[in-house]
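Only one structure is covered here, and it is reproduced in the block below.
So that you can tell them apart, the chains are marked A, B and C in the order they are listed, and the count of residues begins at 1 in each.
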Amino acid sequence: MTDAKPILRLDGIVKTFPGVRALDGVSFSVMPGEVHALMGENGAGKSTLMKVLGGIHQPDEGAIYMGDDRVVMAGPLEAKAKGIVFIHQELSLAEELSVAENIYLGELPRKSFGRVDWTTLTDKTNAILKKLNVGFDANTLVGDLSIANQQMVEIARALTVDAKAVIFDEPTASLTDAEKSVLFDVISDLQADGVGIIYISHRMEEIFKITDRITVLRDGQYQGTVNTRETNEESVTQLMIGRKLDLTRNASHHEIGDVALEVRNLSCGKLYKDISFEVRRGEVVGFYGLVGAGRTEIAETLFGLRDPSAGQIFLDGQEVRISSPADAITRGISLVPEDRKGQGLVLGMNCRDNMTLPQVDDLKAGPFVAEGAEIAIFDQYRDQLDIRTPSWRQQVGNLSGGNQQKIVIGKWLSMHPSLLIVDEPTRGIDVGSKSEIHKLLRALAAKGYAVMVISSEMPEVLHVSDRIVAMYSGRIMRTFTSDEVTEDNLIQAISGIKADQAA
Amino acid sequence: MQPGALSKALKSGAIWGFIVLELIFFSVAGSYMSLSDTAFMDWENMLLLLKQSAPIGIIAMGMTIVMVNGNIDLSVGATYAIAAIVLLDSMTWPIFAGLGDWVIPVAWLLALTVGTALGALNGLIVWKTGVDAFIVTLGSMLGYRGIVFMFNGENPTSHLNWTLVDLAEAEFLGLATASWFLLAVTGVVWFLMTRTVHGRNAYAIGDNRDAAVNAGIRVGPHMMINFAIIGFLAALSAVVFYSESGSVNPNDGQLYELWVITAVVLGGTKITGGAGSVIGTFGGVIAIQLLRKGLGHIGADTSTVNLVIGLILIAVLFLDRQLNVKGKEELKV
Amino acid sequence: MATVSKQQIGSVLAKQGILIAFAVFIVAFTFANSKFLTVDNVFSVVRSSAILGVMALGVTFVVISGNLDLSVGSMMSFSTIVVLDLHDKIGPFLAIPAMFAMTLALGALIGFLVGYLKLNSLIVTLGMLSAIHGLTLTYSGGKNMDIADKEGTWFSVFGQGSALGIPVPILIFLLLAAFLGLVLSKTPFGRKVYAVGGNGTAATFSGIRRARTVFFCYIISSACVATAGLIQASRSLGSQNTVGQGLELEVLAAVILGGASLMGGSGTIFKTVIGVLILGFIQNGLLLLGLQFYVQFVVTWIIIILAVWLDIAAKRGKLMSPIA
């Protein structure tokens, strides 16, 4: 492979935005038939680099080469015409159009009078779908497909052009294992055809399974490229964060108290069935499973956002019916939701107002909001959580992901909940903030909070939990204590394999 | 059958079911309460209904394109009035004096060009400034109306050209000229939206604009073309109507935007864009006209028509929502 | 560096643009016509803007909560007709509260449909525009409404009276603006309106009862409409049943001119007042220059587009839209 010429090469790319040097002399190349991982924390510059490659941003310095030719990507169209194809993390499909129309969006085959050539369109699409071995056809409406199948439509789109390089941006985020293996087959087919693949992902096990080389960025700077076979997870992580990450397990060193929450035989339609568990004061219970296992839906039910179809919920031994978030809050439940920007924050509001939003009715001086009391609350949690913002007047939308997440956590801590539920507490935030949040969750348990942590990251669950509830397809497969759990038996449980079957 | 197919079938059929209901109701109620001797479902009456639907209907076809595209146009009533004035006024201009009856196609062309240009201007502003179409056309609704008044102040503009009136009042195969225009526009727009690349792209942009941009569709010019089309159709509607009436008041066309949007929404077009059908809009136009005529037929006055149409619009929205509720499991936000 | 300072100037211009434009306008008209900036003229502008202004105050709440209200025009006709009719039937003392109750009931219906049933506010209020218009026509039998004894009633005080040398409509407008300004900027309710309009889902996840918040925005809007109807009725003591027709869009124009975003979550009462005054002064200034009333339409069009354009251009840091 050393003799081959790169199919695509970015050389010394510099890109600055007002006040930020987003890319500082980054170089990167892909060989034909190679899967090259691009890694880095959020904000490391991966997406900016890809936007430069896709012609969305123009670099201030540096050049892009394809083969021996220097190329300029004037825009997304031109990148596509040159055979550079992106498979985006966020689906970019039109739900009311058919699969075929989506795949050939922007280049529908034409007949006279600007008519769509349906026969050609359907034939070409079905040929591609056959390659992907999917269970739907060209004329299915995209809105009728599952998320995973919609992702397959995105991938099918990449196969329509004579691709030289394909960029996968977190493609497995919403895929099941079976769907992942189809995706990996597609990738190896592309490899065999001599296409260069850029694979962006945070999931180490995937990176080590399918990639040939790994390039790491940090703070817009190139950290190095390594051969996947000659490295390991730890050294890659070290490159990404510049220091060692502590992933040891936490046994609790404090008293476990009374049962704060008990759930008995709770069901909600097809979302989850027959769920029973308890959470005690001073305990962190981790909920681990794949996307769609029903974990978030249980949290939403406990927070009054969904009505259960059967079962009982007990808080401190009393049976309760939680009808709305407002109701849940008065009962001492707090939820740090999964989707920080969509559910957690009003991005156009300032830090202080976001933080005190759930208790704005209680912070009153006469008929008005007691702004002094609000600022006091904000200051307290800014110091406690080390939130970095110039002032409480700053709009939350201008903060980094980690600081935004801390605002959400501060908002709910300031309610002094008796049960704290956190859903994907460290998704999309940098490694440094991650470990701070892990420490915080342990500290809260030590203070006697009952904490539920929902996470899709195994190290996180292993790290923070006293007990782990493993879920698969809407059911609890097994509950582990921190002594029993191993990576292997946890993976078996969330893949639907019962303990006795495995033995 | 795919999931959701039933609710889709119900929705696309709903407007026609509603029309049948209206026909039955007004026929039955009419036979007890009618002030006139003729039956409601009289053939002549239905033909007249089609003709009277034309002014709103022709604009509604344009509105369907623009709303599917994810925009809205509130200025159509004012554009309609400007085109009418240009049509009637230009026939009296001295430079055209020597043309004889050839002034008619010239006046038509002028009116249509002005309408298209006004629509394109809206589209250009939406494209270049990025201001929401609702605000842009809210502004031009005022601005264009101001231009209307500049022609003749608060006085009506009148000009009767008898050749033109004959043409407009002509019938071909039993249908009035206006009806033919409505049917032709419906056919052409249906073809545009279901069979052409431009039409399919309009759905894609309305449904997911970012996806369309990423796919390399030039969204700005595309939207501008659609605004030009609705401007053209607003002018065409004026040309068809005023060729016959021969006199336009500066306030004509006011509230047309509301009637047109009502018809389009009744016909099932999604207010947020990406979904809607031309045939559904045609149904919506007919349903509204039936309601107006029907209520008149059983002796109700205009006030009742306004009341009933308003309530029906809200009821349709409510039913649509009920059909789309996924069940008790749904997240309560 | 030149680009940076240019950007800064641009962003200051855009942020305070509406105030700057207002000032430029006043100065220009003052030079053009010495009568423009006299107490009499200012009073007459504010007085004639009061009805529009009072309605705009309420619509500001609705728009910040992320919704629209296109029914305020026909609702204002309704209030005016009802209070004039009841004046002669049950006397002004009872007519006023009765009219307020009926108007608030209409507001409650819209609030229920938009807030609790979560129906699209554009379509609901479009439907209500037509329905309330029909209701008014039915109520009045299609006729104009007049008070029989125009000389002998104290009812005219709301539209024609003055206190402390200030016309009552101006007083009502300013007091209501001050009151609602406090409600919006200082109370928990106001905070919730911003949250619901800024991100309704996040507001729900924070325990805010979104439906109730939206409902009360429409209640406030209809209360403002009733007040405007009262001023209108009292000023003319007789009215056509289409008196408020088309006002919904002028009101919306004033609110948008003040800088509230149709997406919700931004805008203030103070800015809306500025928006109302700009519309009023443009109208008045152009008339003083001897221009016809319809020139004002065209000028308003241009100003609305420029105001909103500058506003969003400042947010995205670029004058031209990035749409390809």
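Note that in this section contacts are C-beta pairs under 8 Å (C-beta built on N, C-alpha and C of every residue); 3 or more make two chains touch, one makes a residue touch a chain.
Labels paired with UniProt names: A = Sugar ABC transporter ATP-binding protein; B = Autoinducer 2 import system permease protein LsrD; C = ABC transporter permease.
Predicted model only: the values in this text are computed from it and were never measured.
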For chain A and chain B, chains touching each: C
Selected interface, A-C versus B-C, where C-beta contact pairs are more numerous: B-C
Centroid distance [mean C-alpha coordinates] between chain C (ABC transporter permease) and chain A, Å: 44
Mean-CA-position distance for chain C (ABC transporter permease) and chain B (Å): 29
Where chain B touches two or more other chains, by residue: 213, 332-333
Chain A, residues touching no fewer than two other chains: 305, 324
Multi-chain contact residues (two or more partners), chain C (ABC transporter permease): 201, 204-205, 324
For the chain B and chain A complex, residues of the former touching the latter: 2-4, 195-198, 200-201, 203-204, 207-208, 210-217, 274-275, 327-333
Complex interface listing, chain C (ABC transporter permease) residues touching chain A: 4, 7, 182, 186-188, 191-192, 194-195, 198-199, 201-209, 265-266, 324
Chain B contact footprint on chain A (complex, rising order): 76-77, 80, 86, 88, 92-97, 101-102, 105-108, 110, 113-116, 140-141, 143-144, 268-271, 300, 304-307, 309, 324
Of all residues in chain B, those that touch chain C (ABC transporter permease) in their complex: 74, 125, 127-132, 134-136, 138-150, 153, 213, 218-220, 223, 254, 258, 261-262, 265, 271, 301-314, 317-318, 321, 332-333
In the complex, chain C (ABC transporter permease) residues that touch chain B: 113, 117-120, 122-124, 126-138, 142, 200-201, 204-205, 210, 246, 249-250, 252-253, 256, 262, 292-298, 300-302, 304-305, 308-309, 312-313, 316, 320-324
